[in-house]
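One structure is given below, represented as structure tokens, and several questions about it will come after.
Each chain carries a letter (A, B and C) given by its place in the written order, and its residues are counted from 1.
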Amino acid sequence: MIKNLQTYSRSFFTAAWLGWKIESNWTDPFLFAVYSIIKPLAGAFILVVMYGVITNGNFGTPIFAYLYIGNAFYRYVGDVMTGVAWAVIDDREHYRTLKYMYVAPIHIPFYLLGRGIARILTSSFAVLIIMLVGVNFLHLTFDIAKVDWPLFLVTLVIGILMLAMLGLILAGITLLIAQHDFNVGDVVAGALFLFSGAVFPLEVLPAWLRPIGFIIPVSYWLELIRRSLVGNIAQAFPTFTGLSNLELLGILAGLAVVFGVISVYVFRACDHAARERGLIDLTTNY
Amino acid sequence: MVDTPAIETAGLGRIYKIRGAKKEEQKELVALQDVNIHIRTGELFGLLGPNGAGKTTLIKVLTTLLAPTSGWAKVAGIDVLKNPEAVRQLINMVSGGESSGYGLLTVRENLWMFAQFYGIPSKEANQRIKTLLEIVGLADRANTRSSSLSTGLRQKMNIVRGFLTDPTVLFLDEPTLGLDVGAARDVRQFIRRWMSDDPRRTLLLTTHYLAEAEELCDRVAIINKGKVLACDTPAVLKQKVQKESIFEIKVESPRLLVSQAFSAIECVTSVHFYPEDSHTVMKLTLREESAIAQVIALLTEQSARILSLQKREPSLEDVFVQLVGARIEEVENDDAPAD
Amino acid sequence: MTMLPPINKRHTGWRLFLMTVWGRAYPRVVGIQRERSWIVFDILLPMLAVSAYVFVYRAIKAPEDYVGFVIVGGAMTAFWMNVMWSMASQLYWEKEQGNLALYIIAPGPMMACLLGMAVGGLFATTFRAAAILVLGSLLFNVSYAVVNLPMLLLIFFVAMTALYGMGMMTSSLFLLLSREAWHIANLAQEPIYLLSGFYFPIKNFPFWIAAAGSFIPLTLGLDAMRQLAFASGPILGFISVPLELGILTGLAVVFLLASRALLNYMEKLAVREGRLTESRA
């Protein structure tokens, strides 16, 4: 047991160091900072402009706060999932080291999770910038004194763990597919955007699509984030009004565990299939 | 009428700027220094040297992938820097240990694709592919995806790619790397046959297998640390060493031999010791064969037991050792410029 | 008897150009048939992402034409992705795999190679764009009011030409840079979506911001297509369609000429700096 824990931690922390080196080492710090600020802000501003065009810049409404905060924290979804899943492509196709990682006495899932850490850090920075811009320039209704910090921190941690598990599912699938032009994590995050209530309440969706939103943990996570940061505004939307914070937290934690278990099985199955088919050291780029 | 050399360089140099761990640290790496070679049309020319000697750098310059930082280079009389497009019409390159093409495509498809980049019509390309695959023994894998091939078979496919376009000047950078003994022998036979089929073809081969260079090459240049140390036919290079006698003595010694004592003997040009598990091999070059008696006497004085004594014909390795001062494997262990 | 007869005739000039295009397109054309995960990841999932923006407009009670704007913009992102990732940054992967050196030393022009990459990906790209356009229009009951179909097609064609010319220019950066270029392309994605008005009319920007964004061919292309395809298009258009067509034509010419010059220049620079062979940075 202790030996396993040592293996897991060695795999995780070495991968985290490596992930940070790769993420941060491609350019000078100034350009890296610009990259880390401009990209997420531009993404946020697409929705800001869409909203501003229709409402003539009326940013003081609850729906804007709903949309803006949901979109800001949704960055974690794409970034964490990409951070974990992209390591498979990077190591397999680019650095050609995946086979050596497999041969080494490390725990591959923990290795992949460690590789995702760097993205979590850059994502956190991006979310902070987006929130600061929203509060200072877009009159986002946000009172720091009213933030429920314990709820926020617990939600954030559970959410990141949950997203890492989703990333692991994606990493397993990535082991079996060729490298394509797109970033698999971003594409899946883009699809989940529709169902997670990130930028509009689930009631906007047709009735037959809403159940999908209620199954994915991201919906509960974003609702809790909103409640912890802008509780009064979150209450203006009916989607989860019947559920208390504790109930939501329980559902989120439960779904995180369920998806965690699913991720273990899916990754294991995909890993087995990849090794059976000789895909670990394959380069598939075309 | 003067024949245009196939490859010619004058004062060719290449310096790399290497970034250190911190971005402010930058140092220079001299990969090539004052390289002057002249390769005639129809020659199979070998470039011999340890890893990091500058062989691949020279190939990159000649194949228009890398600009020299000093001097010039011409292929078939065309400057590689001023007119690379014209050079590319005439050349091809195969690097050992690297795969080319795409894993998703079959062997035939990969080769056909490259033929397209050289303007070879599909019908003719397919015919040539078929013939070449038969020659190298890959005909039965023509429709196999290249991702399913072993390293050696991928290298064979890579070699076929080089010959497929019928280049006037072909560059082979360690082509037998990764091949088994039989496959390497087949490739060497193929190279010889390809050269003999057309006297207008020229081939520059880099290798650090001395036996391969000796077997194949009309002339050989020995390069180390970016400099060409010697350039001539293997026979002439060996003759330079052959003026002296080369002896190889296997010695069992209770303690380390005093090497300076042997160097001090008159007529001993060089002596090198190669310790192995249970004995030491001494390689001596003597101006006068009679000096061997003094060597034996000294060994006896140092309580060394002679296990065997052999007079050898010089090899390219001896030439290399004399020029560089160490065996090729020993030089590879030293810090050397990147290839 | 010789092993192999000499090659009878090697094609050069335009024939070599076209052969190179087809040669490089081939792995893509064949690849999408042999590895089909792109159907899910390149068509189905992006369709869902575009739908999310539709529902944002529905949530804030936008006029229905805006739904159409999102659908058309979402379809056009396929072409942007093809240019940036299938063409431009593909050179980065080619360099890492060692194929770039082999393309450079071959007589086939690099422009043909790039075009081949783009053409090869065009089937999947067009399929993606068509799927988003058709499915999106059906699912969300988009009403089109096409006033001039030939003009619409002309705008599309010219915008694509300019876009691919711009893509070739960007590709030249990848000859010189390694991972930085890949990250810069990644960095540019959202700002381009914002500035080009993929999901909203750029008329809403201050004039000079919209003008700056117009250097990206898709900006004016999308604006003109919306003006020609939707009832409220002309009111929400940035500048007139004929003017946009003229600018796009100019951009196409400039980008194509500049891409050739820049590719040559960057290749020479990369040869001088020794950046053409693998870096694994």
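In this text, a residue touches a chain if its C-beta (ideal position, glycine included) is under 8 Å from a C-beta of that chain, and two chains touch if they have at least 3 such contacts.
For clarity, every value in this text was computed on a predicted model and none was experimentally measured.
Undergrad: Which chain is the middle one, judged by CA centres?
TA: C
Undergrad: Have a look at A-B versus A-C and report the one with more C-beta pairs in contact.
TA: A-C is joined by more C-beta pairs in contact.
Undergrad: I'd like the Å distance between the centres of subunit B and subunit C, where a centre is the mean of that chain's Cα atoms.
TA: That gives a centre separation of 45 Å.
Undergrad: Using the average of all C-alpha atoms in each chain as its centre, how far is it in Å between subunit A and subunit C?
TA: Roughly 28 Å, centre to centre.
Undergrad: So what's the Cα centroid distance for subunit A and subunit B, whole Å?
TA: Chain centres of subunit A and subunit B, defined by C-alpha means, are spaced 51 Å apart.
Undergrad: List, in ascending order, every residue of subunit C touching at least 2 other chains.
TA: Residue numbers touching two or more other chains: 27, 31, 35, 97.
Undergrad: Find every residue in subunit A that makes contact with two or more other chains and list them.
TA: Residues 178, 283-286 of subunit A each touch two or more of the other chains.
Undergrad: So which bits of subunit B are touching at least two other chains?
TA: 102, 104-105
Undergrad: Can you check the complex and tell me which residues of subunit B touch subunit A?
TA: Interface residues on subunit B, with respect to subunit A: 23, 102-105, 147-148.
Undergrad: Okay, in this complex, where on subunit A does subunit C touch?
TA: The contact residues of subunit A facing subunit C are 26-27, 31, 34-35, 38-40, 42-43, 45-47, 49-55, 63, 67, 93-95, 177-182, 184, 187-188, 190-191, 193-195, 198-201, 204-205, 283-286.
Undergrad: Which residues of subunit B touch subunit C in the complex?
TA: 14, 16, 60, 63-67, 81, 84-85, 88-89, 91-93, 95, 98-102, 104-105, 109, 112-121, 124, 128, 131-132, 135, 161, 163, 165-166, 193-194, 197-198
Undergrad: Looking at the complex, which residues from subunit C come into contact with subunit B?
TA: Contact set of subunit C toward subunit B: 2-4, 6-12, 15-16, 19-20, 22-24, 26-27, 30-31, 34-35, 97-99, 101-108, 113, 268, 271-272, 274, 276-277.
Undergrad: In the complex of these two chains, what residues of subunit C are touching subunit A?
TA: 27-28, 31, 35, 37-38, 41-42, 44-46, 48-49, 51-53, 55-63, 66, 81-82, 85-86, 90, 93, 96-97, 121, 179-180, 183, 186-187, 189-191, 193-194, 198-201, 204-205, 280-281
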